[in-house]
Amino acid sequence: MSLAKSPWIIHVNVNSCNGCDIEVVACLTPLYDAERFGVLNIGTPKQADIMVVTGSVNYKSVNVLKNIYNQIPDPKVVLAVGACASTGGIFHDCYNVIGGVDQVIPVDAYVPGCCPRPEAILDGVVAALSILEEKKKGNIKGKEVKLKGNEVPSNA
Amino acid sequence: MIENTVMLLIIVPLLFSLLFVALPKSLYKILAWALFILGAALSVNLVLDGTGVVQIGEPNFAMLENVVLILEVLVILFILAVSAKYKNWPTLGLGIISAAIFAYTFSNVPKVEGASFNIDQFSQVMILIVNIIGTAIILFATGYMDQYEEHRHLNRQKTFYFTMSFFLAAMNGLVMADTLGWLFLFWELTTLCSFVLISYNMDEEGINNGFRALALNLVGGIALSIGIILLATNNVSTLSGIGTYAGTNAAALAAVALPVALLCVGGFAKSAQMPFQSWLLGAMVAPTPVSALLHSSTMVNAGVFLVVKLVPAYAGTSLGTAIAVYGSFTFVMCSALALSQRNAKRVLAYSTIANLGLIIASAGIGTPLAVAAAIMLILFHAISKALLFLCTGEIEHTIGSRDIEDMSGLIKKAPLLTTLAALGMVSMLLPPFGVLLTKWVSMEAASSNPVVIVFLILGSALTTVYYAKWLGTILSSSMDKNAVPHKKLETYFPLSLLGLAIVVTSIFVFPIYDYFVKPQVDILLKAAPAISGLAGEFTTEIGAFTYIVIFVVLALAILIYLATKNMFTPRMSSYYMCGENNLERDRLMFRNGLCSYEKSSVSNIYLQNTFGESKLTTLGYAISIILIAIALLGGIGL
Amino acid sequence: MLDNVIQNVTDIKSMPEVLKTVEGLKNDGYRYVTMICLKANEGHELIYIFEKDDKLKHLRYFVKPGEKPKSVSGIYLCALLIENEYQDLFGLTFEGLAIDYKGHLYLTPNSPKTPLA
Amino acid sequence: MTTVIPFGPQHPVLPEPVSLKLEIDNDVVVGVLPSLGYVHRGLEKFIDTKDYNQTMYICERICGICSGIHGITYSRAVEKLFDVEVPERAQYLRVINSELCRIHSHLLWLGLFADGFGFESLFYECWKYREDVLDLLERFTGNRVIHSMSKVGGASRDLTKEQIDQILKTLDDLEPKVKNIEKVFVNNYTVKKRLVGLGVMSKQLAYEAGTAGPTLRGSGNAIDVRNTADWDIYRDLGFKPAVAKEGDCYGRTKVRIDEIYESIKLVRNAISKLPNGEIETRVKGFPTGEAVMRAEQPRGEVVYYVKGKGTKNLERLKVRTPTFANIPSLLLMLPGVKLADVPIVVLTIDPCISCTER
Amino acid sequence: MGMLNLVLTNISRKPATRLYPFEVRAPFKEFKGRIVFNPDNCILCGLCQKKCPPDAITVTKADKTWELNVFRCIMCTECVNGCPKDCISISNERAKTGAKEFIKIVVPIVDKPKAAPSK
Amino acid sequence: MNMNDILTIVLVLIGAPILGCLASGIDRRITARLQGRVGPPILQPYYDVKKLLSKDNMIVNPSQNFYVIVYLVFIILSLLMLVFKQDFLMIIFVYTVASLALIVGGMSTGSPYARVGSSREIMAILSYEPVLILYALAIYLLTGTFKLTAVLDASSPLLIYTPLIFIAMIVVLNIKFKKSPFDYSTSHHGHQELVKGMTTEYGGPGFATIEIAHFYEYVFLTGLIFLFWASTPIIGVLIGILVYLLIIVIDNITARVYWQWMLKLSWSVLLIISIVNIAYLYYSQAKLV
């Protein structure tokens, strides 16, 4: 139960229009107060359990997403918030968009909507909690996602 | 027995200095080892021999007195010659004054019959420092100087080793001599050694700084010699005699006040207290072993040694209070000055001055507890500082810089060296180590004087800050692992020895206190502090320092760490760089706006604006000169 | 083309003249608003937009294929972002940029090149 | 040796991927290099595949905070191409939506800004009040942040009598609440300690640096596009731009707080003058020609350039957003401030990266 | 002092928090929650697919399916307005959070019995 | 060491973290209420620690966890020394070891944010350490010994002689709790320019250790306030709680300020008022009885 009572989230905005971001932040504010469930928006991935990703992934932020994902200690859960993060949303065939977050890292739960209401995001966090618990029990580790090919710029 | 040891202590280093000149470079290592072993053996032997006074009577005395006379003339001639050669007029002027005073002494002051060496516990402590730490430093130098000279295209090692071991002899003489005239000779000889070694590089900077050291020490020497002359008018010609004389009655106490104050000023100059501190900072251009030997653990201690020895002549008087305030002022001022320094050797230099100031302050307070603190601090400080200087030297050879900022990540490059350096720093500012213990004792002792204690409090907070910065920097793991330094025995043996000494002396602080310090304080003040060392506690009348518990807890922490290290599946990861890094590359790199990787770095806070050197130095000069003037005027009896 | 919709357009023929005009506008107290880039007849059309007292002023300049236009970021620092943007998106090269992102303002080596060109 | 540290893209102070490389010497910033592209989607290319009606939804999603005005401005730009006149009621509805958006955006910013200087409870206070506005918007448009209220040719939702009452009531409640937080922002000692004299831009400098919106007005320039000839509704409503002379973070904060009051006033006036009638004109055919349309976003002036070539897709859409204009001013303001001030200075331009990069 | 007043008022009042999920506030009737599809009248004309900005709807004439990618829909109501048969409506209930499997709603369009002419 | 002492040690070892955990839970709860929220359950810090302990031990530097263990054990030691009425000056030095261990731990990770945070925290030492030692000095002046026995055995409270130092100590506590306006080196939530400051690279068990140490530290620091009215323990505890509440309120009504400002505040205001207080004690020769 311990994980389920203290989910610390790290919010990663990869390619989002801010709509989802402000709703994620709104979850933490008094009217929704996610801290009731022990949710803390912690700054550093090293202390986070749930990675809340908003926005589709683009070619520049893919590195950020992978690095942050790798830096979260196991067990960890990725929550994709919004149409963009889930499937690429309205931007799914823009030239600079790779697609939903699951194209890059494994996603455990999705929150639909553009943008999703804070209630929906809270639902997502609650859903993530049970997944977190399962992962802890099953000792399921997240795989390390490597940067590949030209995602690593040759240094100038 | 004891006579022989005393003589050997002076003669053996002299012999070695000649050997260093005579024998080729390739044998230096062996010589240094031999010197180390002999020095250690002799000093331990002296301790085993116990205390006592060695009288030198006729016929040896006449012969030796002549030697002394010749040497003094040579010293003065050397000063005059060298300052004339380099056209350093202030030094020349001071040399002429010294010569005049010497001539005056020679013709007017009554001659003494016989001379004496006084071996008390304090001298024993000093001898141990000089002959164990000092020879260890020379040993270290054999692993150090080659690379040093290579960098600077020098070839003067003969001079170097000659002077170093000659210095040991002079220093041994200095701490044992009781006759003021002889003491003065040894005093000037150490000054000369210091001059030679500071200008070792023979470049402009070195020579200028050497002359600054020479000049300022000559000022001190002049004060010292005037003091001696004044004392001679009271028929006091030995160091121990001053206390005895002052103890006879109130009038005698008042009579020696001015000469004692002058002797103290001499001590201040030697210990580079404000306003003389600039010579010690300049001395940092010398090779690091020199800084370690002369400018932190031994020669500068001669100043405070003298001041502490004079305690009976001013304890409890207003002169004592003035000295205490002066010392604590130097302590806080130099600690503040160290705050804005990023050159490791300058930090150490300021820290040295500050700690000497603390010793002087403790001596000035003059209670048994305080004097005990002063003597112990001399010992602990010498060990820690020698280690720190040597480590800095070795660090410089490892990374090519003595800038604290460049040392970040050192733990990855040279773990053992870094651990030793860290131990040195920790021992300077944290319990349960000796330096802190003595700082604690002196704080408790000083709490009767509001000004001194406030200065000490501020100073100790500042000390924590500048060491913490450095400590954190060397322990931070940011540099990638490359260039592991070659470990040389003659480098790491002295370092480890000093490290070990820190731990051992700190653990056995009470026996050390009991054996060396307590009787000495008894001699000086005819009263010993009420300190007990039961149950691993160092208990004074107003507090207790539970050092053993802390050692135990520290060991516990290490144990817990080792036990839990692998309990929670450790996994190495990359740094948090806001997501813009890459594990495979340098772990501190991040991708910047131009899509290329760049290294992140962090420098410490140095507060140059608030604690800037020039601003504070000016302030320090002003206040310290005022304080010295007060002390002297108080001596005259105003 | 209904040119009447955007008004106050000046066509400029050569790059030095653009710089001179821009310089002049700055001295007249105009604010740099932005620059539009359009594909036109193999080359690109640049429309500089300036504003003063709520009046817009447009400068139109045609960049021939292969030509390297000069940056006005030396005159108006704020022009640097938009010029860098067009380096990314249209593959133009502006000379004399205050900060040159070299085509990496938005795009990285792994993303599509010059998507709007 | 200077300190070089990355600030962003994933950084807890800002929910958005603002990314700067900071060079710091002695706790003072000496160099900044912004890094962009984390939210670049390529929306300006997107119009190739979407028709001009669908493009409205894309423009709204340039940014979720200022989306309403994006949609409105886009619609107006295309209407200019078609040369159609939008019914007056629709115009008023657009103003009401715009101003409610502005209130929500400014409250949001005030909150994030407070968080930027470590004033968590003030942050929460602002966001608490903001929820009232979001409720209004939700009832008005059907969504909390992305409203899709405007469409080419008019508005897609009308206001009912009941909703109008709700709006007026909520605004009456909101005004004293804003006064409360204004007191804190303007008077609190620690807040003033952090804001006054920080990131100063003179009137001239702000003007020449091409800044927009509160960043520009915080330095004493009374430039606000709501005031212009393009759209006279605002002048009918008695609009006055909010200006502060200080030119520092404090001034910019005051401008934004004043704008909240101004917006409340505008909404009230617009409601009182709300004409009856249609809310939409049908637009037929395909857009041709080119047009520039400007509007005042919460963060400043947005410029839309649209070009049609007689097909159902536009040929070129270009948006110059206010943050795009304000970012260069960071290069001027940041050098010389302390590291601890970086988030504050960055936040005072109210950066919106998704707007900037589209 | 302004802030002191505010925090003290806060602590003296009931918290402003809406206790979701324990107390659920009824959604506003205007709220655009999710798309509801009524297959009865659909003629598979594909207009909705064409209008949908994020391409969330796929109408496959051959398989006779109407498919909605809920996780892509942005609730713009273009399809609602665009459907000639008013098959699509919008509900003020939210789409549910879920894992990937729930992402699509596939509705087979059953052939309607031929209408009046045959009679 | 007799049975009683061992019992006390065990009691402190177990009791202090429970108290500290509750205190920090209450802190979060009150903070939430001050912000108009419901807030987490009181036991939230306990859940947090439990969770952290069950997570992977992600490290950037093999030795980084050593420093937090030193931090923990030395906090415990200083608390124990306080409970056993040891030399106060010594307690402060031991406490410095703990603070320094955390700082060095932060720096040892090498992360730029942690290093900047640590160097700011070093500056915090510069501002609070003198006040703490002056507090010790005041106790010495009033009782003639640095041992706390005298304070705890006295029948009159310390506070009436040391009101100014009391005020300074409130600020010191504020600094030590790392609460606004002094949360510049690491903040409890990570919303600051330095992410989580010193603790940026700590996660899982390492961070749990820091949290547990914080629990002890809470008790230790409140204990320092308790000393001001130790003669009537109930009042002492009450004052401790009041100061704690005051700090929570201050946390919620102030913005974060610069460390420079703190340094100025402490070296001008705090030091001066403490020294004035000390001077008064010197010249009045007041004694605690």
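Letters are used for the chains, namely A, B, C, D, E and F, taken in the order the chains are written, and counting of residues starts over at 1 for each.
Following the convention adopted for this analysis, a contact is a pair of C-beta atoms (placed from the backbone, for glycine too) under 8 Å apart; a residue touches a chain by one contact, two chains touch by 3 or more.
Note that this is a predicted model, so its numbers are computed, not measured.
Averaging Cα coordinates per chain and for the whole protein, the chain whose average falls nearest the overall one is F. The interface with the greater count of contacting C-beta pairs, when A-E is set against A-D, is A-D. The mean-CA centres of subunit C and subunit F are about 58 angstrom from one another, to the nearest whole unit. For the pair subunit B and subunit D, the distance between C-alpha centroids works out to 65 Å.
The distance from the centre of subunit C to the centre of subunit D, with each centre set as the mean of the Cα atoms, comes to 25 Å.
Work out the mean CA point of subunit A and of subunit C, and you get 38 Å between them. Residue numbers of subunit F whose C-beta contacts span two or more other chains: 32, 34-39, 55-58, 112-113, 116, 189-192, 195, 200-201, 204, 252-254.
Chain contacts: subunit B has residues 571, 573-574, 576-580, 591, 593-595, 600-602, 605 touching two or more partner chains. Of all residues in subunit D, those that touch two or more other chains are 3-7, 9-12, 27, 33, 36-37, 40, 42, 45, 57-58, 61, 121-122, 124-125, 128, 143, 146, 188.
In summary, the structure contains touching chain pairs A-B, A-C, A-D, A-E, A-F, B-C, B-D, B-F, C-D, D-E, D-F, E-F.
The part of subunit E that touches subunit D in the complex is made up of residues 1-3, 5-7, 16, 28, 30-32, 51, 53, 74-78.
Contact residues of subunit D toward subunit A in the complex are 9-12, 15-17, 37-43, 45-46, 49, 57-58, 61-65, 67, 108, 111-112, 123-124, 127-128, 131, 143-146, 352, 354.
Note for the complex: subunit D touches subunit B at residues 1-11, 19, 21, 26-27, 33-36.
Contact residues of subunit C toward subunit B in the complex are 101-102, 104-105, 108-109.
Those residues of subunit A lying in contact with subunit C across their complex are 58-60, 62, 95-96, 149-151, 153-154.
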